[in-house]
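Every chain is named by a letter (A, B, C and D) in the order it is written, and numbering of its residues begins at 1.
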Amino acid sequence: MCRYVSYLGPPLVLSHLVYEPANSLIHQAAEAMESRTRINADGFGIGWYNDEVHPEPAVFKDVSPAWNNANLRSLADKVASSCILAHVRAARRYDPVSRANCHPFQHERLLWMHNGDIPGRGRLHRRVCERIPDELAARITGSTDSELAFMLFLSLLEPPLARHVETAELTAAFGATLEQLEAWWRADGSGEPIVLNFCVSNGRSIVASRFALEEQEVPTLHYCAGSEFSCAGGACRMHGGTDPAGSVIVSSEVLSEDPQWASVDNRSLLVVAEDLTVSVDPLG
Amino acid sequence: MCRYVSYLGPPLVLSHLVYEPANSLIHQAAEAMESRTRINADGFGIGWYNDEVHPEPAVFKDVSPAWNNANLRSLADKVASSCILAHVRAARRYDPVSRANCHPFQHERLLWMHNGDIPGRGRLHRRVCERIPDELAARITGSTDSELAFMLFLSLLEPPLARHVETAELTAAFGATLEQLEAWWRADGSGEPIVLNFCVSNGRSIVASRFALEEQEVPTLHYCAGSEFSCAGGACRMHGGTDPAGSVIVSSEVLSEDPQWASVDNRSLLVVAEDLTVSVDPLG
Amino acid sequence: MCRYVSYLGPPLVLSHLVYEPANSLIHQAAEAMESRTRINADGFGIGWYNDEVHPEPAVFKDVSPAWNNANLRSLADKVASSCILAHVRAARRYDPVSRANCHPFQHERLLWMHNGDIPGRGRLHRRVCERIPDELAARITGSTDSELAFMLFLSLLEPPLARHVETAELTAAFGATLEQLEAWWRADGSGEPIVLNFCVSNGRSIVASRFALEEQEVPTLHYCAGSEFSCAGGACRMHGGTDPAGSVIVSSEVLSEDPQWASVDNRSLLVVAEDLTVSVDPLG
Amino acid sequence: MCRYVSYLGPPLVLSHLVYEPANSLIHQAAEAMESRTRINADGFGIGWYNDEVHPEPAVFKDVSPAWNNANLRSLADKVASSCILAHVRAARRYDPVSRANCHPFQHERLLWMHNGDIPGRGRLHRRVCERIPDELAARITGSTDSELAFMLFLSLLEPPLARHVETAELTAAFGATLEQLEAWWRADGSGEPIVLNFCVSNGRSIVASRFALEEQEVPTLHYCAGSEFSCAGGACRMHGGTDPAGSVIVSSEVLSEDPQWASVDNRSLLVVAEDLTVSVDPLG
């Protein structure tokens, strides 16, 4: 089912998000606390933005469990960024484990992650191929429902995509993607669980959903806003107030003991705007 | 552009096909003699049949150069088979290197390899998705034109596919696949080189093509028939006569100094029947 | 701490040992039942003998969790062997995960596995290097205590090693290895736990130890003897009697519900002779 | 035999060193121009310093050919550093290809690379283990002569090593390492070629050797000093004068057409001081 974390705020050393919190993403790779899949070790990925060098994010993804990856261990202490997205994957049984199937998925300046499941991958593949232009079809490199959903999302943005996509445009395409996937699911009438917890970023804002259409299984989603997130002496804390927020974490699981953590309701859209204002709105 | 080798005959130790010949597949990974891409080191794969244990072939594929893979080195000396297909890949620049993109591709009892290039992968992806049923669309795991061509081929066989597919049926679907790909290419009118050197096996026969529509670049294809292929003292030889043949090798490159090696003309279809009779016929 | 399984008997399809039992090795990779380390996903390995092709075993090892390795999944159904050793690894925190650190370790016709821990790896490394000849020092390829113990063991056999090493000779060197490691541990006086559950095979017999010097943590070891082990309809059974045995499994964990499973006491040496007679004797 | 490049100067985007020059390190992975091993594709590594975040360098190493690594491709455009070391490896036949065997090797704040070969690895392993303390023996993770030489070098520095090691101290230990290796080689009297082109950095200075004791095979070493190295429109140039230098590249091969490239003589020690002064002195 996967787990993810994303961050906006002052430059943060990657390890403060993925290694150091008590329930860090690395911890969730082996021992997720709020997930049906306790082990999320079928690959991982981390993307981060460094506008001073390049408008596109760096993406480091690999097929090993996150906990034993020596490159991640080395990079995480030496890289800081003001926008970070990271993900640990639990593949369905015998789904290929490849870099191409690891999240976040990148296209131009955008990063996309998914925590969930879309039933009927063959049909989804064919439907998405019908909708998207050749240029995007040529960019499908893996075999996940998550990447197909990203392609559908990208096809709903105004080309060209090699530009800064404003938060409002992201949000509109994000909502349209959810609507389309829900419509297909209703048309199929299979009743199989569909879980669409997506997260997208342009490097300055984050849009995320908690969206499951069967109540029995709704993967968790939380956020935490404050002035600054930092780790010292083995403890990580979100400091200060939220008016306005200086730092926001959006995460499948609560990372730290801070009281600011809030759970997002099912069928909700969370937007962290460029000014770090957080809004959570119900989805139709 | 890739290189490949396939074998039918008495059980042969894998290393006699992939390591020991002077121009072995391992050699071709680093120093292909007859290819535009001298280095074919973006992954490799080997499939072999062992009917006594399972009707489907074993497939071992990995992303490393074939020459430095310690697992291949160990397996190759200890496994023997009467039907072997092996491949070394040269990816196009920045194409993903993943197990899912390595050849041979397997579906039920069939193995498929490709040495070539189909222009316009995005369009091909969309066209193939339109043609194939959901079950096959769900089985696309990588991002190669080669796998898409295999899916098209599979869709032209009579389901169910979990059975022995006779050589005649293989040959018919193989020909129809080439025709469809050529028709699409002509419809596009891009004039970009299209190279369709495919190879398929059901474990008892082999069907292969040499088929390029632009004469300037026609990857090589050869075969060698005799009574037995064996290696000793660093030299590999195809022994005996061909009436009838006891062993047949179909290969992108000539492996050994045997006089039985014959080159296949462009626009030809080569069939090694279950009785090891070899026929080469012109393609329309 | 790792988990392992080994088998002697009539040719058995690998998957019957590693995938199909209710508590298979694959299951133990994610959910070990009798281990302090529940997850054993820092690489895996499987070695098997096929005397008809080569006197040395094939060894397939990789760094991924065993549960998501597509090559293992394909090979396991299509390979059968009368002597199989397989292992899933739990590395100590930030120990390198590499093929060179996966078990079983192979030298000529021997395979070696370890489930345990030897404290003071730097000192062990230096001590073993002092003891072994240059030829063996050149064969150290990883960074595990397990491989160093194997090198020590190999240095206690009579060279040359490219031959069949009889069970009695294996047993003697095995005992001497345990004695040396215990002596060094006592000399250090650190009192840190030392766990020496080793397993070695020459392809026809198995020698294994359960040997921990601190009672608080003694990894489990079991064996199961009968006429034949087989799986059908999702259930695996050891059939028939043990007089004489036709099949023996030696395993860190009980794989099936068969009543023949017996636990080996701490400080014991288990020997499965070439005639499949099982003996368990206390270690000094 | 391997190839490497190192850089000191104003922050440089990694790709300007490893991808963009006409004879970039990526090019050398497939087509080294000045090396006996044309293909250097048995793994690669890159280390870079970012003092603002951490005094130790980040190290990203992987086993694939450098040319097809998607993570390297992504990172290289988005990371800039004022001290970079990168390496592509050509392993000896069937030497393990693992991250642990990729260069640069890191210990605390130091990075070490090697282009060469030390004969008699087993003996070297034993000799180095005799010389170094347990703490360093515990840090041997791979099976290369290069890492053993690094361990010997580290043992010749004053502990503790978790500090900035001054250039003079680096240079002294570097010279002592060469002397010891040469003495051992002379004692053995094998006459086998020994090639000790090492490169070490503390993040602010570089010490490198060109040092082969058999004249028939002396791997190349070059450097290039100027005011600034930059790439634009597909061409990379070292700009400006060298008095004083603002940028220095030390590289196995000439990367660009700049006239400032100078070849280092055999048996020479090259030092790039913290003020970027370059000195080249004969070795005893």
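As a working rule, contacts are C-beta pairs under 8 Å (C-beta built on N, C-alpha and C of every residue); 3 or more make two chains touch, one makes a residue touch a chain.
Note that the structure is predicted; figures quoted are calculated from it, not measured.
Colleague: Identify the chain pair with more contacting C-beta pairs: C-D or B-D.
Modeller: Higher C-beta contact count between the two pairs: C-D.
Colleague: By how many degrees does subunit A turn when fitted onto subunit C using C-alpha atoms, rounded in steps of 5?
Modeller: Copies differ by a rotation of 180 degrees.
Colleague: Where subunit A and subunit D touch, do the two copies share over half of their residue numbers, giving same, or under half, giving different?
Modeller: same
Colleague: Rounded to the nearest whole Å, what is the centre-to-centre distance of subunit B and subunit D, using the mean of the C-alpha atoms as each centre?
Modeller: Going by mean C-alpha positions, subunit B sits 41 Å from subunit D.
Colleague: On a C-alpha centroid basis, what's the spacing between subunit A and subunit D, in Å?
Modeller: Comparing mean C-alpha positions, subunit D is 38 Å from subunit A.
Colleague: So which stretches of subunit C touch two or more other chains?
Modeller: Touching at least two other chains: 70, 96, 99.
Colleague: If we count contacts the way the header does, which residues on subunit D are in touch with subunit B in the complex?
Modeller: Residue positions touching the partner: 30, 39, 41-42, 63-65, 68, 70, 73, 91, 94, 96-97.
Colleague: Note which residues of subunit C are touching subunit B in the complex, please.
Modeller: 13, 50, 52-54, 56-62, 70-71, 74-75, 77-80, 99, 106
Colleague: Under the stated contact criterion, what part of subunit B meets subunit A in this complex?
Modeller: Residues of subunit B touching subunit A: 96, 98-100, 120-123, 125-126, 129-130, 132-143.
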